[in-house]
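Next, two complexes with chain A in common: one pairs it with chain B, the other with chain C.
After this line comes the complex of A and B, so read on.
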């Protein structure tokens, strides 16, 4: 399978060409980040998003940007990568106003030290107590810190920009590792020179002696810079005691974890750096291939996951899903003119569902865990259940309205998905509390399938409200709505109970009136109340339908709304920045339901 | 519809029962069969010349446990552990201490060695100079000192010790070496 995946990857005519260097193999090299092995391409996208706010600032692919940052840091420091929209911060750094709001490290450097002092004070304060300006300043410094680490990742094997003293006998371009070999000798020479008399009058040193002192000092500064550089973990541990750990180049050397294996790997990285700097495409490709082969031996089957992750990004499967949906919507809209369009629309919707399932399954395989582990994935899963649910109904009964409602709802969820998680591109590992595959499978899949069933029920209720007086078989539709809501009730109720059992195991109590738990309970109570009211004849069919249509709002509040509260034990789900969207959806949907209810009621009076 | 609901309920019930009751009873740890030594990465071969002018290859030491020590006479921790190596070599004749010095100054190295009176009685301690760090840095990626690599009788890399991690002359460490020597 690995061979096929690799062949497919090499065939794709994508972003990989830049400066005539082929990044296709380079981008699949493994790196450990956020607790999992990922391809360098994903690391590049994640880093660029963290530093620049977006992975697609210009035509250059993120991997090419990363290569420049790692192998040509002097040039990279001139690149405009920091996105600074805040006018106060621009003023603080004396930056000119630009339409794209992008600035380079060189431009920021003159005011950086002064600004860092105020950031140090900010770091001691609670995030919630910071003003928007202070938060932006803190975020900018975090981005600078990350960028600096990347720039210095390979400073131990790139040519050094400062001149070596003659006694070092380092002719031509030399690296820290070359200089390191002679450093003890130079240190001894310097120690002999630095007598108390000379220390009292350093001006008595000759220019050659000053050069020696400066050189030793620069080497020490370089090493200090590398001491905490642990970002680019590309080197696997060789020794049994550190098994499973990965190291950044400086980290490996300074912690004494080097070995003949990692020595060879670092040599290949150095060859890559040299090929990049000289623009030698052939040498670049050779070094990439050899490095890939070496890493393949070390990571084994994980290599397959790395290739799949790159392919998943390249193939834009979510975009394909959305395209099929748009096609399905177009077809359903034209079914009156062209009768076959109804069937064609269902086929397009089925293809969309297959494509979305592929995304979820591949993500699940890559991360080696059940498919719903983050809020982002839960949105995708609910979208899938909504699409499948409405598709199942519309295959059995000809209901163009429901088909369209399901497709619109699915598309809306796909469009919303990137916004509920700022880091949705980056497949993150689970919080420790969630890392129980059994419960993640049983509880989370059950409750999110319940949310999907609720969404399908709400879609059906909307359609029923719209056609309340014109439907050919109103009783049949009402019975269908009743059955859909029962399915939603079953899944949400069982999911909630299973969540309680999991909470009992994890947190030592079944129920704690946590906002998330209350949200799930509210959905169950809402469904039960409507069902019982209907059975007892306490609500009209219209009110029952309107209540089911409002289920979408109830679910949205219980699913996203409670996450905005930022309290409770479900901290892994906390989000920010969606309040306005959620409020707008709630308001508009309630207004729509009220309008449809009023129209249906007026119709019934007429 | 009713059948579908029933199916889902049965499935969920089954999963829950499996989770609560289907877990295997914790077993007492079973004694592991004595197996052959795990496959270890092979130490790269390299030539070295001892201070008395004899040239060897590392591969010539196969059949013996080798402690490849990277050190320097200007390195204080290296000096601390040197007597421990000598004590170990005295106790375990099947262990070779290969001490590669990264000293630039040959005289300083020779002076330090000359001060170790016991050294002459220990043929299993080999001292050589790795002046340009061609072995320490270019082969074993060692840039800080001391570092010691334990190599088994097959020439496989067992473990790396960074700094003063162990007392080489302790009975605990010698026990570990005996275990390694007796491993099939």
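After this line comes the complex of A and C, so read on.
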């Protein structure tokens, strides 16, 4: 399979190529970040988003930006990569106002030391106690720190910009790795030289002696810059006791964990750097290929996951899903003029569901766990269940309104999905308590499928409300809504209780009134209330339908609203910044339901 | 008799349920939002583990216990008296029975369940479980515990009379979360630690376990040198009193319970995701000793150890400033632990059966 994936990747239009160099192989090289092995392309996107706030600030792909940052740091320092919208911070750094709000490290440098002092004090304070300006300043310094680490990642392999003293015998371009071989000898010479008399009068040093002192000092500074530089973990551990660990180049060198294998890898990275700096496309490709082959031997089947991750991004599968949905919506809108449009719409929706399933399955394979482990993934899964649920009904019964409602709802969820992860990296590893494939499969899939069934039920109820006066089969309509709500109740109730069983297994209690547990319970109670009220004749058919339409709001509050509280034992999925969106959705949906109810009620009286 | 029938019919009828379920939803919503401001423990005690709560401080409203009790009674009566035992109704009856079992589990757990934690360093053994929330005043003589009083009994102004040993204490101030301040003015009535420090109530922490409870009290029935004001606070030093010829120690800490077996930690293992400080997994290898029986066991994430009605879970771990790793095991004992499992199975089967039997045609 690996060969086919690689061939497919190479066949794709090389979107990464804005220069002459071919990044297609380079971007699949493995790097360890956030506890998982990922392709360099994902690392580049994540880093650029963290530093610049977006992975696509200019026409240049993230991988090209990363290559420049790693291999040509002097030029990269001139690049405008820091997004500074805050006018107070711009004033603090004496930066000019720009429409794109982008600034380079060189522009920030003059005021950096002074600003860093105030940030040190901010780091000791709780995030919530910081003002917006202070948070922005802190974020900027974090971005600078990350960028600085990237810039220095290969400073041990790149030609050094300072002149070596003659006794070092380093002719032509030399690197830190070359210089460190002669450093002990130079240090000895310097120590002999620096007598107390000389230290008292350093001006007595000859220019050659001064050059020696400066050289040793610069090497030490370079090494200090490499200390704690652990960001770019591209070198696998060679020794058994560190199995699974990966090292950044400086980290490997300073910890003395190298081996002949890592030395060969470093040589290949150095060749890549040289090829990049000289713009030699052939040499670049050769080095990329050789490095890729070497890494393939070391990571084994993980290489397939890396290729799939790059392909998933390149193929824009979620965009394809959305496109099929838009097509399906367009077709359904024209089904009265063109009778076959209804079937065509269902086919487009089915293709969309297949595409979304592919995304979830591929993610599941890449992360080696069930498809739903984060809030972001739960949104994708609920979207899939909503689409499949409404598709299943509309295949059996001709219901254009429901088909459209399901497609609109799915599209809305796909649009929401990018906003519900706390970081630009949405393939994250799970905390220890969640790291169990059994419970992720049994509980999480069941409860999120329940949310999906609730969304489909709410969509059906909305359609019923719209066509309340005109529906030809009110009995069948109500029976369908009842069956959908029963399915939703089954999945949410069992999912919630399985969550209790999981909690009993890991926390020692079945029920703890935790916000996420309570949210799920409210959904179950809402469904039970409406169903019992309908059966007992406590509510009218219209009120039952309106209540089921409001199920969407109940689910949204239970699913997202509880995450806004930021409290409870389920300390994952906490997000901020969606409160306005959630409030708007709730208000608009309730207004819509109230309006439809009023219209239907007026119609039934007439 | 007619009145009783009317009451039973009302209790088992749909009208009560129609009002109960939304009331429960509102209570849950309020109790959930309140957790942001009160913390889980206080919010749970105020709204869910209570018969009444006071909205706005003046309006009594039914708490979780009231609503759940009524719901249980209503469902029980409905199940016994009103259920139709026909094949198409099998699913719904089974589901109702499942809910009853779940509610019964809730009642049993709220009455009988106890939980706490056991913190161990490698090589350490213990039989003592510390409650998560309940604090108590203890009177100790040597290794013997003479008397205990839970925190809820330690109210301001209350006089406590102990017979063994003969001791009279007056609680001047009790605080669930105390700030320890320096005692600046010299007060000849203050004794021991109270000479140099005083306790003042502080704002409650959202996480109840982070609160430091304490009491300021007065000893009233001993000699003049010992009568006076003392302070005690959680995990602080004990107060020593000579009562007759006996040395009695007063301590204030989280309630401790003894396990009927000993747990020894042999190894604690934490595995991080590579290149990060994020725990991927952690587990404790322990040895359980019960009389002559001794055997090794592993307690891991999502893999508890159950023995003699106790369940030991891997809860957390701590690293001391010296770098020593401590494992924190949660220990619970719940006679009703099996009921939620049974209820879940019954409810799931009932709903599946109901859905596929299509037991009842919709009546518009």
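As a working rule, the second predicted complex is superposed on the first by the 602 of 606 C-alpha atoms of A that agree within 3 Å, B and C clash if a C-alpha of one lies under 4 Å from a C-alpha of the other, contacts with A are read in each partner's own complex, and residues count from 1 in each chain.
Convention: a residue touches a chain if its C-beta (ideal position, glycine included) is under 8 Å from a C-beta of that chain, and two chains touch if they have at least 3 such contacts.
All figures in this text were calculated on a predicted structure; none of them were measured in a lab.
Undergrad: If we overlay the two complexes on their shared chain A, which of chain B and chain C does A:486 touch? Say first, second, both or neither.
TA: Both partners.
Undergrad: May I ask you to decide whether A:245 touches chain B, chain C, both, or neither, giving the answer as first, second, both or neither?
TA: In the superposed model, A:245 contacts chain C only, not chain B.
Undergrad: Chain A residues in contact: does chain B have more, or chain C?
TA: C
Undergrad: Report for A:498: first if it touches chain B alone, second if chain C alone, otherwise both or neither.
TA: Touch partners of A:498: chain B and chain C.
Undergrad: Name the contact category of A:519: first (chain B only), second (chain C only), both, or neither.
TA: Touch status of A:519: second partner only.
Undergrad: Once chain A of both complexes is superposed, is A:442 in touch with chain B (first), chain C (second), both, or neither?
TA: first
Undergrad: Quick check on the superposed pair: does A:227 touch chain B, chain C, both, or neither? Answer first, second, both or neither.
TA: The answer is neither, since A:227 touches no partner chain.
Undergrad: A:562 in the overlay: touching chain B, chain C, both, or neither? Say first, second, both or neither.
TA: Second partner only.
Undergrad: Kindly classify A:510 by the partners it touches after superposition: chain B alone (first), chain C alone (second), both, or neither?
TA: Only chain C; A:510 stays clear of chain B.
Undergrad: In the overlay, answer first, second, both or neither for which of chain B and chain C A:36 touches.
TA: A:36 contacts chain C only, not chain B.
Undergrad: Output the chain A positions appearing in both contact lists, the one against chain B and the one against chain C.
TA: Looking at chain A, the two contact sets intersect at 438, 483, 486-487, 490, 494, 498, 501.
Undergrad: Quick one: in the complex, what on chain A touches chain B?
TA: Residues 177, 180-182, 184-185, 188, 238-241, 252-263, 266, 438, 441-442, 446, 483, 486-487, 490-491, 494, 498, 501.
Undergrad: Chain C touches which residues of chain A in the complex?
TA: Going by the criterion above, the answer is residues 32-36, 230, 233, 244-246, 429, 431-433, 435-436, 438-439, 474-475, 478-479, 482-483, 486-487, 489-490, 493-494, 497-498, 500-502, 504-515, 518-519, 521-522, 525-526, 528-529, 532-533, 535-536, 538, 541, 562, 565-569.
Undergrad: Show me the residue ranges of chain C that touch chain A in the complex, using the header's touch definition.
TA: So the residues of chain C touching chain A come out as 14-15, 17-18, 21-22, 24-25, 28-29, 31-33, 35-36, 39-40, 43-44, 48, 102, 105-106, 109, 113, 115, 206, 272-276, 278-282, 301-304, 311, 313-315, 330-332, 334, 337, 340-341, 343-344, 347-348, 351-352, 354-355, 358, 360-364.
Undergrad: Considering only the defined contacts, which chain B positions touch chain A in the complex?
TA: 1, 4-5, 8-9, 12, 15-16, 19, 41, 43-44, 72, 74, 102, 104-105, 132-133, 137-144, 147, 157, 159-160, 162-163
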